[in-house]
Amino acid sequence: MTQTMVILMSGIVGFLAVAALAIALGRSGAATRIVYGASSGISLVLLAVVVARIVNGSPAISFMTLPLGLPWIGAHFRLDALATFFLIVVNLGGAGASLYGLGYGQHETAPHRVLPFYPAFLAGMNLVVLADDAFTFLLSWEFMSLMSWALVMTHHREQNNRRAGYVYLVMASFGTLALLLAFGLLSGADGHYSFEAIRAGVHAPPVAAFVLALMLLGAGSKAGIVPLHVWLPLAHPAAPSHVSALMSGVMTKVAVYGFIRVIFDLLGDPAWWASVIVLLLGGTTAVLGVLYALMQHDLKRLLAYHTVENIGIIFIGLGLALAFNANGMSVAAALALTAALFHVLNHSLFKSLLFFGAGAVLSATGERDMDKLGGLIHRMPYTSFAFLVGCVAISALPPLNGFVSEWLTFQAVLQSPELPQWSLKIIVPAVGGLLALSAALAAACFVKAFGITFLGRPRTPAAQHAQDVDPFSLAAMFTFAALCFAAGVLPGFVIDGLSPVTLSLLAERMPVQANAAWLSIVPIAESRSSYSGLLVFVFIALAASLAAYFIHRFASRALRRGPAWGCGFAEATPMAQYTAGSFAQPIRHVFATLIFCAREEVDMPAPGETRPARFIAYLRDTIWDGLYAPVAVAVSYVADRLNVLQFLTIRRYLSLVFLALVTLLLVLTIWS
Amino acid sequence: MNFLPFDPVAAVLIVPVGGAALLALVPGYRASARLNIVISLTTFLSAVSLFVVDRPVPGTYMLVDDLNIVFIVLNTFVGFTTSIFSGSYIAHELETGRLTTTNLRFYHAMYQIMMFGMNLAFVSGNIGLMWVAVELATLTTVVMVGMYRTHEALEAAWKYFILGSVGIAFALFGTILVYMAARPVLGEGQDAMVWTNLIAKASAFDPALLNVAFVFLLLGYGTKVGLAPLHAWLPDAHAEGPTPISAVLSGLLLNVALYAVLRFKMLLAANPDAITPGPLMVTMGLVSLIFAAFMLYRRRDIKRLFAYSSIEHMGIIVFAFGMGGALANFAGLLHMVMHSLTKSAIFYAVGHIAQAKGTQKIADIRGLTVTHPALGWGLVIGVVAIAGMPPFGVFMSEFLVVTSTFARQPVLAILLVFGLLVAFGALLLRVTDLAFGEPQGNTARAEASYVPMYVHFALVLIAGIYLPPPLVAWFQHVAGLLG
Amino acid sequence: MITDFIVQGTQMLLVLLLAPLLTGFIRKVKARLLRHRGASVLQPYRDLARLMRKEVVLAENASWLFRITPYLIFAATWVATALIPTFATGLLYSSTADLIAIVALLGSARFFLALAGMDIGTSFGGIGSSREVLIASLAEPAMLLVVFTLALTAGSTQLSTIATFMASPEVGLRVSLGMALGALIIVAIAENARIPVDNPATHLELTMVHEAMVLEYSGRHLAMIEFAASLKLLLYTSLIACIFVPWGLAVAGAGPAAYVVGTITYIAKLATAGVLLAFFETATAKMRVFRVPDFLGASLMLGLLGTLLLFVSRSL
Amino acid sequence: MSRLVIDIAHMLAGSLVLISFMMLYQDRLFALINIFALHAVVLTLSVTWQAYIQHAPHLYVTAAIALVFKAIIIPVALHRIIQRLGIHRDIETAVGIGLTMLAGMALVALSIVLMLRVTSDADPIAREDLAFALSVILLGLLVMVTRRNAVSQVIGFMSLENGLVLAATGAKGMPLVVEISVAFSILIAFIVVGVFLFRIRERFDTVDVAALDEYRGERQ
């Protein structure tokens, strides 16, 4: 066990201590500041430790074993390249969210329901990443779910939140049970639960197949793969915004970690067809996720659904990595995996940023419904700027970071011709198409999100009198915005930072980027493709400022404010502006008619009638109706049938006993 | 070296009996409640002393070994905590006039007799004696279930009584058969009923006879374990009796019966030609688990809800032992301990909740975490723990059962997991209604004793993260014997 | 090095100079086809100059975003255009962005334009933006599929490489490339808001898309946007030109003579493209907004087929 | 051990089974009670015989208990109860008599098959005894299951318990037999008194078990 491990562990213990402290402090006013202050402090320390590891490029793996958990195995912890990377993601998010919480937490109505669970949640996520035996892993995993559930239940008086919590925890334990089974397969009947043992063991193809399926169920349900995503848009918005940020931005990534750890590290190399499943799932998830998001008018729910899309993109990357790896194309595999991990980092950055923004809007206006907002860009300039950065980043637009990871994914897709399998040759480009589609729709989605919420004129007094939020929240948002920018302009360093991971998992890495000309990134060779976020940024900045300069210098700079022109129509009421629904109407018309059975109903009163005209748009969540509702129905049917047994007469119960006896005796007679 | 002035085993038995006699005489519930606590504490301490002194040599009647030492201590411990809980519970019952002081004398005396019966069942090294002890414990609980004399209570008691008696009969027949099997080998008389001899010579017994015997014993004692379809008495008995009794029923009596089943399973395991009881137990376990899981959805009475959850967990445990193997058996033993600690704690919470709200109807109880935080969160913790969520002990046992099963019998494991998920869904649904949402009903502060509940939770929490080595060693040894 | 720099510079200026000219040229041809005399080819320059000199009338509730957007759009489009080999390949900064990045750059421009359309909060802006994103959500994937086809053929997404590859004899005639061309043309029409998707000339509220978004712009802002629009048109024409008719492209480092030749051929290509577009536009009628998805869907299909047929033709 | 000894033991045990069958097709309470008394008497005989052949004096006690308690006290008590509670005298059966008889046959067959195959090496008396005891037990259970009213169920239970005693006594040198029979007598007393108590406390109007089931949780 090394010093690093000791620091990490003590950090985690620190989190738990803070949780205990929070319980002790109860509802006292200082609690909020103390808890979030401490949490952000600890997260920063942990972050520093792991970042230092990367910077020093120390490849050494640190272990630690504690006499806890399963007695005859003990609790194993291990810090390798993969864990290091995900620890960065976790603690970066943790630090940001805690910083944000310092300000946002002041608006919390029930702090005593948040503070104890928040640090414990962080501890849980850190533990999952560090765990090195099945028991510790699952324990931390489920603990993480449990704590986040408690956080989702913070505002438990609203029926929807209770429902969200219920669906969430049931799905979570469904996932955990799937993981249990997976590890049961991996570790065998006599319980070799430590990851070393699992790594050492050889896993027959059928076993590998089952494990993959179970991991897709287990990790997938936590990450939010369609159709296991249903809990996500319910639970994430229900929690306080900084927790939503953690759940969406970080916890889903922990799920991705679990998938990578098992499939890439423990399982060895699965067969190529495994990648087909992952790819198709990823593609569908990406597109459906963003379509769902487009249909929303609740800002936080939109963001939550959009997380589903990004998970899809990540899984596309992972699927590609699997495909290439199975065919020994380790260079391409490294590229794909790097793309996926890069997107993991990016998404954790901008999704947290966006949830912070949504939280700021919520605390400033008390509204999550975009149709009741608008014009906030005037009232909350800083928030809206940060949010805009987030939107550009998540819409995969250069020169910000979202684009880089999607670009890398595309580059990986373009390696498909070398694949020997025909099905892959066909599927990979098709999935690439899906990826492109989802990227375009994402841009549409965030034009809508930003446009409806921040632009135009305020639709309600609440939006009209909003004030920009406290410095802590702003600090958190701007830090993350800056990080998005940095990762987008200097992607080379991130890629190099990821090389140890790919090296450890695939024994291959992308070419060193740091010394590429103009800090551009070159996946394979410059003749094939290259991209320089820095130059693109510089050029755009130069061109824009040049244009502006010349025009202001040599042409006119005069400016007059006047009423909006609007083809001469005087705008009646702000409510007459385009709403979330109307903005999405064309896309709904084109895409959702099939997928969500979208219907529109126009009720136009005859001339002379005084009643108002109505336009109603119906949407059905086909996945819920088709998959989950039937299950609920079935369960309650069986429950009703069986419930009769509660109301039998004693004689009937006796006859049950009698029958049991006779059957057993019969069995015995036949048996022996 | 035995430096104690007394023989712990004898103490564990004599103290409750003497206590019962004493309590029968003491008037005034305060005194008797305190006395009850003191007696239980003494019993517990003398049981604990079993850890320090070296174990008595197995005799004709008494036996202390790796298997039962843990359960004796657990039994007396829960008996002790329950007596504390019962103290504050009874006080409230007197106020509301559901019980009279005369009832209480009887109640406390019975309580100690029941403890005696259960302790005896654990320490007895003789199948006949064990039978007597289990039945004694059962009959006393029957009487206590009927305590409130309401229609429901009497009806529950009657049902319990009839079904219990049939169970008794089966168990006895099974015992006789075992004796018949042993007699040719061990000769007539007591020797043929002593555990140590039985186990030692089991390989020479007539296997076929053992099989029949086991069927009867499984059904006989299984009736008390509450395995479906023999479970019918359990929910009503839990729901209608005084809550301390519900706690003891779920926490201890089920364990006693299960302990008996385990003993006889050992016997069969020691005989190579006898049927492996695995399949029978696995089937009954799964049936109980899944059946109870579905039953949970339609429960309207909070105590009945957790009674069904007890059936569910007994199912899991029996399943684990049925699977056999070092891991599964270990898990089963661990699960027994964890379940009795957690479930009794839950009943403590439920008892106070029912008193505070003045109802047992789930529909009338809402938002407990708002009105009664300690009780509400206690309930949440309890449900979370019993549902097998980390970091509580049940998680470890369920982890071991599921993982070790799936590698051997995938289909069974999937059924098991299915049952667990269904049950979890139901429990979570209920606890969400109970503990969260707009508060409903009486919001007056409850004067309750939270200590026992939270002590139990603390223990379960610790066990979920760290198990003391000696315990592990004993369990592993027993797991080996269980085959 | 220096020469490279100069070449890159001239390229950037060249596109700036040629863009309005192309627009004007197309208008002229269309007018001719309709038997009007039509405005001079240089009219767009005059318009731009006039707009730049005019004062800006800004709606009361226009935000800072509304004011910086025109410059951003212009810059993004310009940079994108500057990266396309017009008369010579292997430009100095061609490593900055490959084809995918160029598409994405245009995407950013559109993103901000759509936002600007919603900034004032007029219904027209809303109509414009929502329709624009709909069109984009179909056009972009189609475009990327075209890119796939090309990249998989040429083994690169780097335009210079693609162009040189396409110029090389080994290309031959391929079904998939034909499909890609078809898809690309459809995308180009949609992206540049030309008939039948949109009508650059109309201000008939219910049909317009691009014009609806920029409705609130005036003066220099409008100038920037118009300029960007014509740059975009130039971009797509030269893109098609340099990929599908790569002949005459000067190779990097070749002597000035080659550059001159390249430039002349380039202008010739533009002219032909312009004439063709004009013909097409006069020949067809504007379609309903909700027919547009089918139109673009066709290009999406073409793109996908192109990609898939690629393997078939490969395997043959 | 002479053949005769075995035959007598066999005969007694067999007649117990026979009497259980008679119980199965009784449809009047008093007759049922009387037959149960007969059952008890036969049990007494067989226990006595066992005591004699096993030279186990303590079994005589068991026999005595059986005789006094089961053959005399209980039947009388039940007669009383029936008159007091005015339970109507004929038994409504849940399953038709004929069917019950068939089931009984099957059960006896089952138990004999099971037991004979089992203790092939154990001594014959024990074997026969076990076989018959098992059938008596099963038949008793059958009575409990097929009869609707409490008294007949009690009787069913008691005949079941007779089967146990038969088995216990058949098990040569089994300790605790006396204690067990005492314990069981107490148990039965409890049941009978319980039936009685409910009446006295005015809790239930009839002792039909179905009536008890009126009062059940969750029927709100």
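As written, the chains take the letters A, B, C and D, and residue 1 is the first residue of each chain.
Just so it is clear, contacts are C-beta pairs under 8 Å (C-beta built on N, C-alpha and C of every residue); 3 or more make two chains touch, one makes a residue touch a chain.
Here the structure is a predicted model, which means the values were calculated and not measured.
Asks: Count of steps on the shortest touching-chain route from chain B to chain C?
Replies: 2
Asks: Looking only at C-beta pairs in contact, point me to the busier pair out of A-B and A-D.
Replies: Comparing A-B with A-D, the pair joined by more C-beta contacts is A-B.
Asks: Could you work out which chain's C-alpha centre is the most distant one from the centre of chain A?
Replies: Result for the farthest chain: D.
Asks: What whole-Å value do you get for the distance between chain C and chain D if each is reduced to the mean of its CA atoms?
Replies: 99
Asks: Take the average of all CA coordinates in chain A, do the same for chain B, and state the distance between these two points in whole angstrom.
Replies: Those two chain centres are 44 Å apart.
Asks: How many angstrom between the C-alpha centroids of chain D and chain A?
Replies: 69
Asks: Roughly how far is chain B from chain D, going centre to centre by Cα mean, in whole Å?
Replies: Once rounded, the distance between the two centres reads 31 Å.
Asks: Two-or-more-chain contact residues of chain A, please, as numbers and ranges.
Replies: Residue numbers touching two or more other chains: 646, 648, 650, 654, 657, 661, 665, 668, 672.
Asks: Among the residues of chain D, which ones contact at least 2 other chains?
Replies: Residues 114, 117, 141, 144, 153, 212-213, 216, 218 of chain D each touch two or more of the other chains.
Asks: Among the residues of chain C, pick out those that touch two or more other chains and give their numbers.
Replies: As it turns out, chain C has no residue touching two or more other chains.
Asks: Applying that definition of touch, give me each pair of chains that meets it.
Replies: All chain pairs meeting the touch criterion are A-B, A-C, A-D, B-D.
Asks: Show which residues of chain C lie in contact with chain A when the two form their complex.
Replies: Counting only chain C, the residues touching chain A are 49, 52-65, 68, 71-72, 74-76, 78-79, 82, 93, 95-98, 100-101, 104-105, 107-108, 110-111, 114-115, 118-127, 129-131, 133-134, 136-141, 144-145, 148, 151-152, 155-158, 161, 203, 205, 215-216, 219-220, 223-224, 289-290, 293, 300, 303-304, 307-308, 311, 314.
Asks: Along chain A, where are the residues that touch chain B in the complex?
Replies: 67-72, 134-135, 138-140, 142-143, 146, 153, 156-157, 159, 162, 165-166, 169-170, 173-174, 177, 180-181, 183-185, 187-191, 193, 635-636, 638-640, 642-643, 645-646, 648, 650, 653-654, 656-657, 659-661, 664-665, 667-668, 671-672
Asks: In their shared complex, at which residues does chain B touch chain A?
Replies: 158-159, 162-163, 166, 170, 208, 211-212, 215-216, 218-219, 223, 229-230, 232-233, 235, 275, 280, 291, 294-295, 297-298, 325-327, 367, 369, 384, 387, 389-391, 395-396, 398-400, 402-408, 413-414, 417, 420-422, 424-425, 428-429, 432, 436-438, 464-467, 469, 472, 476
Asks: If we count contacts the way the header does, which residues on chain B are in touch with chain D in the complex?
Replies: It is residues 128, 132, 135, 139, 149, 151-152, 154-156, 158-159, 161-162, 165-166, 168-169, 172-173, 176-177, 179-180, 183-184, 187-190, 192-193, 206, 208-209, 212, 235-236, 239-240, 299-301, 304, 361 of chain B that touch chain D.
Asks: Quick check on the complex: what are the chain D residues that touch chain B?
Replies: Within the complex, chain D contacts chain B at residues 114-115, 117-119, 121-122, 126, 130, 133-134, 137, 141, 144, 153, 157, 160-161, 163-164, 167-168, 171-176, 179-180, 183, 187, 190-191, 194, 198, 201, 203, 212-218, 220.
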